[in-house]
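I'd like to ask some things about the structure below.
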Amino acid sequence: MKVEGVKLIREDGLRHDGRRPEDLRPIRMEVGVLSNADGSALVEFGRTRVLAAVYGPREPPQKFMLLPDRAILRVRYHMAPFSTSDRKSPAPSRREIELSKVIREALEPIVLTKQFPRTAIDVFIEVLQADGGTRTTGVTAASLALADAGIPMKALVGGVAVGKVEGVLVLDIDEVEDSMGEADMPVAGAPDLGLITLLQLNGVMTEEEFQKALDMAWDAIRRIVDMEKEVLRWKYNVGGDSK
Amino acid sequence: MKVEGVKLIREDGLRHDGRRPEDLRPIRMEVGVLSNADGSALVEFGRTRVLAAVYGPREPPQKFMLLPDRAILRVRYHMAPFSTSDRKSPAPSRREIELSKVIREALEPIVLTKQFPRTAIDVFIEVLQADGGTRTTGVTAASLALADAGIPMKALVGGVAVGKVEGVLVLDIDEVEDSMGEADMPVAGAPDLGLITLLQLNGVMTEEEFQKALDMAWDAIRRIVDMEKEVLRWKYNVGGDSK
Amino acid sequence: MKVEGVKLIREDGLRHDGRRPEDLRPIRMEVGVLSNADGSALVEFGRTRVLAAVYGPREPPQKFMLLPDRAILRVRYHMAPFSTSDRKSPAPSRREIELSKVIREALEPIVLTKQFPRTAIDVFIEVLQADGGTRTTGVTAASLALADAGIPMKALVGGVAVGKVEGVLVLDIDEVEDSMGEADMPVAGAPDLGLITLLQLNGVMTEEEFQKALDMAWDAIRRIVDMEKEVLRWKYNVGGDSK
Amino acid sequence: MSVTPFRLPVVASLRKEAIEELLARGLRIDGVRDPFTPRNVRVELGVVEKAEGSALVKLGNTQVMAGVKMDVGAPFRDTPDQGVLTVHAEFVPLASPLFEPGPPDENAIELARVVDRSLREVGAVDLGQLVIRPGDKVWVVWIDLYILDHDGNLFDASMLAAMAALLDARMPYYEEIETGDVIVDHGVKTEEKLPIRHRVVTVTVAKIGRNLAVDPNFEEESVSDVRLVYALDESGRIVGIQKSGEGALKREEVLRALEMAKRAAPVYFKALEEALTPAGPGASG
Amino acid sequence: MSVTPFRLPVVASLRKEAIEELLARGLRIDGVRDPFTPRNVRVELGVVEKAEGSALVKLGNTQVMAGVKMDVGAPFRDTPDQGVLTVHAEFVPLASPLFEPGPPDENAIELARVVDRSLREVGAVDLGQLVIRPGDKVWVVWIDLYILDHDGNLFDASMLAAMAALLDARMPYYEEIETGDVIVDHGVKTEEKLPIRHRVVTVTVAKIGRNLAVDPNFEEESVSDVRLVYALDESGRIVGIQKSGEGALKREEVLRALEMAKRAAPVYFKALEEALTPAGPGASG
Amino acid sequence: MSVTPFRLPVVASLRKEAIEELLARGLRIDGVRDPFTPRNVRVELGVVEKAEGSALVKLGNTQVMAGVKMDVGAPFRDTPDQGVLTVHAEFVPLASPLFEPGPPDENAIELARVVDRSLREVGAVDLGQLVIRPGDKVWVVWIDLYILDHDGNLFDASMLAAMAALLDARMPYYEEIETGDVIVDHGVKTEEKLPIRHRVVTVTVAKIGRNLAVDPNFEEESVSDVRLVYALDESGRIVGIQKSGEGALKREEVLRALEMAKRAAPVYFKALEEALTPAGPGASG
């Protein structure tokens, strides 16, 4: 629902929820939250809440899609009917179909699929509550769930969206900023490899804005992936001495 | 269409169609009514008219679903578009999908599927006219069609629904009683084995009512299966001396 | 859109577009218009514009449909969403499903399918603009595309529709004549074999009218197939001396 | 996408030869008819009391049921002054080992569309009389064809069932309420019939080898190259044609088939008439 | 078409024997309960702030989330004076290696319909109070069941989640504008609750070999022949029954299962009550 | 569910090496261009007279047709004062041996959505001018993309075809009748154009090995790891980005690709302009 008259950038330069332009929302990450899945993770960016589960490497029912020299990835991004303001029909929308592809392509570069020829690695992402940035939260949750499943990866990936609202570039936009702002640029990547694996822009930016937005995203992704590492370290006690 | 002001239990204790609470509707059973099917039967309970056909044991087009140690059952309960007051869309409704499962599970316990591994036995049930009790009439027709197809069975099954209307338990409810009454309890089973193979309750009953309803249904199912036997005897002249 | 008050047969006996009853519309045929397809053709009858492409003989993804002694034909007649006055939904309509069958059955008798057992020959027909006679234009385009793909055929086929408007039999009807006339009779065949391979009548005719309409169609199909030959000769320079 | 049928009934080649040889001698494989005669045909009306109209047609062993349902709906945008007629066919899997559950395939769609066109083009039902409020509310007439047993020639049996169900139909009770809505009570039938202006039948002629035969049974159909379906009204006008099947026809065959169709049509019209005039003794078996 | 399950979990026959032998001695395979006792159950409310109501139920390792969404829509034609209640279940593939993406299969449909009927038949929600303008505008209440982790007995966990989400729900803010349309602001929740008249739970009793056990876990379910699902309200009335599974039951087993269900139901009602009265310390793990 | 492509064109590894080696030396496999130059591009307008607007784009051997259809419909609930723009893409099977008939797959959906967003976000079409009666009746503009021949880089060809068809479009004649309904006569085109505020093109840059190249043909696309699609308006603003493909990019590559896209965009804008000013001689072949 469009909210009339909301000032997205307040007179003190802060955002409608009190954040500074370069602030992330409160982030929560939890791994191993499901018993059946080989790996799972729950990730929250503010009110955005996404659950990811990984099954595999395994043999899918349809064997014709397998590849002789690597595992295939099967990725589904899906929104719960109750995750949005208006109930979302559970049938996959065109948006969900596109985002499933975009997220799969954000994960392909970092999964060591050659180690598991003729198998499928399945990543299921369920948006439990959507408040902006669901696709990048989904990539982050998938990265954790893959690690939790013990799938070998070149590096962890994380994602975040940068927006432009009232001419100001702001990090980690929420739904109000997304729907009323001028641009939404989701970015995901693996900082340890220096690789961007997801990049989209919905909206208008100058070249300068684009470069700055990219840098803001990249800096935040570093922080997000650091959080992922910490959560995994804590869970698996790797290195032993994390808090 | 909701009929206003109909008295379901008249002052003389009889039902709106003149039956006593424990009366079945006029029942008609005919086997071997189709030329292509391996077995077939037409069963009527009052105006409810259901046709069942059986094909198999045979090899289905999709072989991946076959089981190494037994035949699978494939059951479809389907209503003709002209069988209901408002035209029914021919696409399977959620109700038809549920009832196909419930009817399959009512037949599974009595078909000797172990005799035909790696095959499918197909049961197709078409409701030609729906006036209450179509699922139990369908089980009854399927039982006859299976027998007509020569599929070995542990016993015959039959079914009937008990309803509660204006506080009175009544046997073999029709559509008016179903839609205006307080409960509809379809039951199917094999009296010769003492086994209940279908049991549902839509509505509210006390424990005492439930026990009484179960007994009413069971008694009627005995009579229904006896009719099945008689029809088959007459058709196949088993024993030779049926009327 | 129904056009009120249009006179389909003018006082001078000519049709609404100035043609005589026995006239074809201007016809344009071009082969080899696509780079990927094994064969292709663009055919126009007036404003009706149809593109056909042929792939094969090849192995389809679903091998279960192959035949041991011949190639199967797979034919799709499909209309572009922008080809009609009101946008056409791209999902196949019942009409398109029927016409795909009718066109396949118009091609089956002339393709030498026995030469390619266990393969599929795919014919894809896209109506780019629909102004009457799309199915017969489609057969004509398919015939050219098959020849362009080097698929061996007993003969070329061509097609045209004869209509009845205001009591007059007219050749190669357009959309206005079709929608306001009394009959539409699409015919296709191979004149070199004397075989009719497609025949439908939507509308009412006496036996005499039917015979006359059939003769009009047949005569036109001869001319259409002659044009096909000329286009192919020109393209492949068969015989060498065509204009 | 239409695909060459790949799951076909196999008819032994000896049997195929027998069918062709008999036909060449003017005989049929069922031993009781000539090439010009349809199988025994029987039409039963009112077989589904809840439908506005219904019929069961038995043509040899082929059984087709048709039901007519009526409701109030909106007219099509381009025909605001006409009721709506819709024909739908289901090849339910109990009718044949070749039928699988699922949405109508190309054969069911072709059948429904041929029946629809044969009724529509000649104006068999006077749709102009089915208007309640022009441009807003008209009667929608559903004809549902239900194939129960497939022993060949579904076209003729279905057309006959559709025509019979239309003739059997009685308008349901309805009334306009103060909001302008129209309430239909499907539980109460009036005496009013549908406005039928023409009776139509189809006659299917199969080409088997070099011979033609009307009303092919399943076995004959399986060995035939092509079928030609003529829709005819009671005055002998052609109100529809459909060539169906992988084969082709010569001009002479098309015309000969028409003569055969005209000769056979009265058999179907008679079956229809007999069902409508229940005075008769009612054939059985 | 319903097909005998062909992709079943394989439970080693030794394991199956162990389950049966333990049950015969009144013990369960998980080592901590008897045949009459459900697993640990915990209900969490308000887990999705954007939904009008929501709940997460953990029943052992089984996790089911339910969300209630409300919107203004048209009533059904035959109940113009009642709101609309719809239950939908998704077996999302992250919950089990047996679930594949796609539209709800017969199991998901059966589950949703059993929950729906159990609520509807007893009038758990007073739909008569959900009318804005009779015959025209009513509240449509969607209950979406989301299976997150499948360790058996989805019926009881789903019914509990649905009931909890209904109790958690608050009506969204809405107003009627001058055109007569009703505008709903899903962003603003009022204090008004849904009109809940009855609380309903289901208790599932599995027949394993010759024994009965309530709340089967996935392994027990896999070796059971048949499940009997009793829906009960707080006063002990039976408000729904579903026999589910390939097996059969004797009359005595049906009645014994009912006794077991009535004995276990208070465990679920208590979990519901605890969630609604947040005074308690809140069990964890 | 999105699945790693498993039915991929096979490009011989020698050929792959050749493509990469040539690129490293600033050359392309087609022998006629450098990494910065698109293939020959030609835009033809008005190719479907019945459509409100249409265009055929040939980009090398890639052919994409776009048609614009307009009708009167309801606005979206949250934008009552704006017309509706919808982009749909069909990968029809005649365009490539890799395309099978069926509903749009993820590639067709991604393409349509990228074109849609590139037009929408910058306000290329002034939807505010497409309102007939606010909140009730607006123009619905359909852009249908039809891939006819797929030789790589469907994004750029499709975006160009969409833009050209929009510029070619003329509003159909319409009038409001007394009932308040609006009647559109698709047979009569007015002189009125669509309110186009910006022209947008996309430039696709492929990463092949360690090199970047604009407008990859099919063979290049098949051996590329990843494509970056920049949507640019005539003033050089970025109005959309899509990273597409299984690979990844470094920051420097992203920025270098942007420079290449800005350098190549004028080629597309020029082709558009040439089509709109028919004075020119009209390139051929």
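Letters are used for the chains, namely A, B, C, D, E and F, taken in the order the chains are written, and counting of residues starts over at 1 for each.
Methods note: a contact is a pair of C-beta atoms (placed from the backbone, for glycine too) under 8 Å apart; a residue touches a chain by one contact, two chains touch by 3 or more.
Because the structure is predicted, anything quoted here is derived from the model rather than measured.
Traced through touching neighbours, the fewest hops from chain B to chain C number 2. Taking each chain's centre as the mean of its C-alpha atoms, chain A lies 28 Å from chain F. One finds 48 Å separating the Cα centroids of chain E and chain F. With each centre defined as the average position of its C-alpha atoms, the distance from chain A to chain E rounds to 31 Å. Each of the following residues of chain A touches two or more other chains: 1, 61, 64, 76.
Shared interface positions of chain E, defined as residues touching 2 or more other chains, are 1, 101. All the chains close into one ring, and from chain A toward chain F their sequence is A, F, C, D, B, E. Touching chain A in their complex are the following residues of chain E: 7, 47-51, 54, 61, 63, 65, 67-69, 71, 88, 90, 92-97, 100-101, 103, 142, 144, 146, 148-151, 185-187. Chain A meets chain E in the complex at residues 1, 3, 34-37, 40, 47, 49, 51-53, 55, 58, 61, 76, 78, 80-87, 90-91, 122, 124, 126, 128-131.
Residue ranges on chain D touching chain C, taken from their complex, read 1-4, 6, 78, 106-107, 109-110, 112-113, 117, 121-122, 226, 228, 233, 236-251, 254-255, 258, 262.
Interface of chain C with chain D (complex): residues 1-2, 64-67, 70, 72-76, 94-95, 97-98, 100-105, 108-110, 113, 183, 185, 189-190, 193-207, 210-211, 214, 218.
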